[in-house]
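Okay, so chain A shows up in both of these, paired with chain B first and chain C after.
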Partner chain A sequence: MNIARNITEVFTRARGNRRRKRINLTPYLFLLPGVLLFLAWTAYPLLKAFQISLYDWNPIPGQVSAFIGSANYTRAFSDPVFWMALRNTVMYAVVTVIGQMFLGLTVALMVDQVVFARTAFRTIYYLPVITSWVVISILFKYLFNSNPSGLVHYLMVDVLHLLPDYVPWLSNAGTSWVAILSLGIWKGIGWSMIIFLAALQSIPVVFYEVAAIDGANKWDRLWRITLPLIRPTLIFVLVMLIIGGFQAFISIYLITGGGPLQRTEVLLSYMYNQGFKYMEFGYGAALSYMLAALIFGVNFIQIRFLQERIEY
Partner chain B sequence: MGIRLRQQVNQALLVLALSIGAVFMMIPFLYMISTSLKGQVYVFEFPPRFIPAQPTLDNFVSAWNANNFGRYFLNSMQVALITTGLQLFFSSTVAYAFARFEFPGKNALYYILLATLMIPGMMLIIPQFMLAASFRLLNTLTGLVLVYTAAGIAFNTFLLRGFFEQLPRELEEAVLIDGGTHLTIFFRVLIPLSTPALATVAIFTFLGAWDEYIWALTTINEPAKRTLPIAIANLQGAHASDWGLIFAGSLIAVVPVLLVFISLQKYFIKGLTSGAIKG
Partner chain C sequence: MHKKQWLTVIFILLLVAVTAAQCSSAQPTVDTSALDAAKAAAAASEAKVAEANAKAATAEADAAAAVNAGADELAAAQATAEAAKTEAESAVQAAEEAKAEAEQAMSAVEAPAEEGPVTITFWHAYNEVSPENEMLTGTLIPEFEAEHPNIKVESLSVPYGEFRQKLLTSMAGGVAPNLIRADIIWVPELANLGALAPLDEIMPDFDTYKAKVFSGPLSTNFWGGHYYGLPLDTNTRVWFWNKEMYDEAGIAAPPKTIDDVIAQCAAIKALGDDKYVFADGGTYAWAVLPWIWSFGGAITDPDVTTATGYLNGPETVQAYEFLLKFYKDGCMAPSVLGSGVDAGTGYAQDLYANYIDGPWMYPIYEGQFPDKQLHATLMPAGAGGSVSVVGGEDIVLLQQSPNKDAALEFIRFTLSPEYQTKMAEVGQLMVLNELVKSDYIQNHPYYGIFLEQLKTAKARTPHPAWTKMDEIITNAGQSILREEKTPQQALDDAAAEIDALLTSK
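What follows is the complex of A and B.
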């Protein structure tokens, strides 16, 4: 009896609710085209990649793929090339992030102070950022070519005498990294410079005026005012660069192809080669999930750090 | 007097240091231009020269005609323009729904979009490839456009939502009272008021599509469907030491980008920093 009454009550209330609060369809119509595209080409592939990573995926349509659980993930841990790729990825991130942060900040501090040709300098330092990775990678391949007339050879050996002899830059791993890392830093300075510059320009001048009255010198001002005040920006740039560093691909793919002997392979190039060179879709998908986990970890730390913000 | 002088010395030193850095930034570009103007015999001359001995435009002619860069240029232009148009439409409608409506599922959708901002786009490439294959989109420019557009929706929605929310609502309420619909508001009020934000989205989308390499490399095999980035990389693979030709092809791709950047720098910087400040 009681139960029946409760049920009818729930029903009538629900009906009443629906009559009173008719769902407005307008927002869904606005959402529809964009969200459909997003679901089809981003959300679905994201889930599908996870499914693929649990199978020994057979790329031929209609063929059966064997479910192998976490085997693709455990396979990575006993795969020496995976470890090498991971080590290279971290090394690439560390070196290029330090280089870009340091040089980007230095340039930003100078551009912030300079009066003459400020816009021109800003534009020049930013040019590599907007130039395509493909073109820059091929350009660096040319600058570092092993012919004595290669520009880097000419500068290092014949002009500056920093190197005793010509080096076959791109035929061994160690020297290939010199080309790949210097490309990564050179191309990225402008981006961090722009972000730092915006932060520097938002610092109220009063702070510096007061510091000047108190007799603070340049270093004091840099360490006591500028850097603490742009701390959120420093962390933001740091995190974005780390994430970018983990995703290095095109320069390595085009300059060394991961060689010689896979010694310059990074996670993304290894993932790509597993997928599209060896047709190991399952292993490739597992690798991509492991990289995503790494990046999520970094993001998590960022959210932690960015929670405290500075108010002027 | 002393302070004045010290300031001037300071400025001179700054200009000097920045100029040295600027030379390092410019050398690779200048050398690329110089090489593209050299005949094949001069490409490996020693010592290397910045000013070509006998400058020639032969490489550009050969890239554009014999190596089909005219065709690739059109492909890239088509893909980048259509992607930009679709991106503007799709992300601004989604952003409008987020900025002006309360609806069931709003928060869930918001967090899903936010989460995908953090994942590297390339991790989706295997399932995207399978999806494209099953829709017969491999070897089509449509396949490029769809994936490029989808890839930008989450980020541009956030950018535009933030902008829309800052616009005053009074005007829109007036439109509704006068019998207008939300479509009227969207097309007649919001879009015209949002030109700076839309310009930012347009520029970044255009450049992203123009320069995209990996997805095009993976899905396009047919020579006639190539875009400029794959064409350039292929040129380097096929004519490994014909650097003059390779850089003439590269410059055909790079120069439009530089022109767009230099003329619309204002929007560029704004887009970058707004993305930065909003995280």
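What follows is the complex of A and C.
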């Protein structure tokens, strides 16, 4: 106790003793463990990665790495695979974000109407979210097996006759994306549903009652009451999903590995391959910083232009 | 503030401190400075001996020359020679003393390490439940540990696909294993990173082992003037032909030449639309190199300075034109672009009449398709002969690992006839010259054909950037078979890309 008071006094004296203001150290002490962990596991790797991105990095301790300045960054601009990965990343983000938001909202609106066994529906839709990415990715790889015995083949060709012939799903970039994107959307619906559901339930029922008296139909109520009122939630979900979309990795790495011909490579899988496949850790670190800048920029624009205060 | 709060704070701080202490508690390290000093002294005295010997030799030579010149000079020269000799002798004596001292120092440093059992770690990519792993961990390692009670060997199965990543992470963290069984194609890359200890420098009896092993596999350990490992096992791919399908199609004998292979097309396709003459798993170098080489082509020049004129030379282009036509005619299975049934399974199910693969297929078939017989012959010959690709693994010692002497002892054990024969029983083709004539090999049902194919087989390009080169070759093959580029165009592009890699490092 005394020590804390002494330190506090030192602080207050240093400020010129104009106003005796006690600084309570207790909250800072409680923060300390978290801050230490943050410094060790987040801040340090961040700075270290930046350092690595400026070198032709040799990962072996004791070996000399050559400082090459911004060469790793400029290299990306003349690297065709980088541009392909960037395009794929943006495409993945756009398609999966729209898909997850649309389907998530639809499901949320439906579950919101359900009176009987709502928790059960919520749980069922949320299950894919808590399932491991790795397990699901490997599962999808099997579902989209190129063999005629693959489950998707069986359903689409033999049972439903939707496809005229077997498709070598994972041998072509276009059809590989079908598998990757459908996984990305399917797995994310539950998460946006839960958030939307919470927002829907926070809208006072009285608005709908008033609207009904005014003669608004269901469609009007959705467009004029529900959507405007959950706008902050929409923006929150949009931002979070875009961050997630830009960080797509596990599904792509496990289902196609970036192939064929590196055509399903996204920024993270390309970064990973640079580091652990080609041992180009400097270039990989530079790519990670470029991805971070991209995410930061996109989210900055979103928050800047979409966020408005709303009042009930 | 309440006492309770303080107690909580102190408790949390303690927890953090304990965690941090556990994280940072490094492994106890042996103080090797004395050993290093002793070694340096020994090296210096050896240099002195050499110098003195050289002096004595020159003096003697002078004396010999002086014989022709005259008596006076002869006497003088002899005196010099005598003096030089005594000098040399005393130097030798001093050197020996220094050496003895050094040895004493070395044993003093090493002794504490040998008191308790030393643990060495060995990583390999044998499947955890494979017969290879059972043989290694169930029979061979216990045998080694019984012979060397002071050494414990910890073996770890790391899947091939994750091996390099796991190794890199552990090296970056300073906790690399002592020994790894490295794919022969990783060795230049790891050596170039400075990860490997040069065996020819730190293993006193390296030359003995160098002479014992096949020279082809040995050469895969050579990078930048040093040998960084010793071969552990070797293999190559041979031509498997499906007798049941041959009989059904009326094909009399396995192909001797690539033209014979092409000639099978009509007969095999007549058996059914889903039957194929040949199947492979992709367009990576391991798959296409036997074709490229048998056509007389190459990836680079022999000195690995350029790919232009080799990868896009007429012979290599011809090889790819053959593969493209074979694929378009429906004679090569779509598995080459990653769809349909894989080669080994398709052969067992009588879908594929031929495929190329290594000796590990025999144990796999015993387990999965016990009713299907594998028939092997040499790779069909083209203008370049019958040339397949050398595979296999080397055993390498990590530079940063402690207990190098114990690890070297295990390397010696892996090159014993005992170890090599035992591993051969589970499908690992041995690398010892002395075993080729052994009864085991002479009576073996299928190793003979692999040893025969190995005589002409070639190794993939030894270069640190091989992984990238392989990717370039894979992509070139893909764009050719997908008809996005002509063979010439795709190979021109690939050669330019590989040239850039060759000049940058």
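In this section, the second predicted complex is superposed on the first by the 276 of 312 C-alpha atoms of A that agree within 3 Å, B and C clash if a C-alpha of one lies under 4 Å from a C-alpha of the other, contacts with A are read in each partner's own complex, and residues count from 1 in each chain.
Assume a residue touches a chain if its C-beta (ideal position, glycine included) is under 8 Å from a C-beta of that chain, and two chains touch if they have at least 3 such contacts.
Bear in mind the structure is a predicted one, so any value in this text is a computation, not a measurement.
Once the two complexes are laid over each other on the shared chain, residue contacts for A:Asn58 go to chain C alone; chain B is not touched.
In the superposition on chain A, A:Gln247 makes contact with chain B only, not with chain C.
Touch criterion not met for A:Phe67: it reaches neither chain B nor chain C. Within the superposed three-chain model, A:Val107 lies in touch with chain B and out of touch with chain C [touch as defined at top]. By the touch criterion stated above, A:Phe276 is placed in contact with chain B and with chain C alike.
Between chain B and chain C, B touches the greater number of residues of chain A.
In the superposed pair of complexes, A:Pro260 makes contact with chain C only, with no contact to chain B.
In the superposition on chain A, contact of A:Pro168 is made with chain C only, not with chain B.
Once the two complexes are laid over each other on the shared chain, residue contacts for A:Ser146 go to chain C alone; chain B is not touched.
In the superposed pair of complexes, A:Pro27 makes contact with chain B only, with no contact to chain C.
Common to the chain B and chain C contact sets on chain A are residues 24, 26, 30, 33, 37, 59, 61, 147, 276.
Those residues of chain A lying in contact with chain C across their complex are 1, 4, 24, 26, 29-30, 32-33, 36-37, 58-63, 146-147, 168, 170-171, 259-262, 276-279. By the touch criterion given at the top, residues 10-11, 14-15, 17-18, 21-22, 24-29, 31-32, 35, 44-48, 89-91, 93-94, 96-97, 100-101, 103-104, 106, 109, 112-113, 116, 118-120, 122-131, 133-134, 146-147, 149-151, 153-154, 157, 182, 186, 207, 210-211, 213-214, 218, 229, 232-233, 236, 243, 246-247, 250, 253-254, 257-258, 261-262, 265, 268-269, 272-273, 276-277, 279 of chain B touch chain A in their complex.
Interface residues of chain C, counted against chain A in their complex, comprise 1, 5-6, 9, 12-13, 15-16, 20, 164-165, 168, 171-172, 174, 189, 193-195, 334, 337-341, 399-400, 465, 467-468, 475, 478-479, 482.
Residues of chain A touching chain B in their complex: 23-24, 26-28, 30-31, 33-35, 37-38, 40-46, 48-49, 52, 59, 61, 107, 110-111, 113-117, 121, 123-128, 130-136, 138-143, 147-151, 154, 158, 186, 189-191, 194-195, 198, 233, 236-237, 243, 246-247, 249-250, 254, 268, 271-272, 275-276, 281, 284-285, 288-289, 291-292, 295-296, 299, 306.
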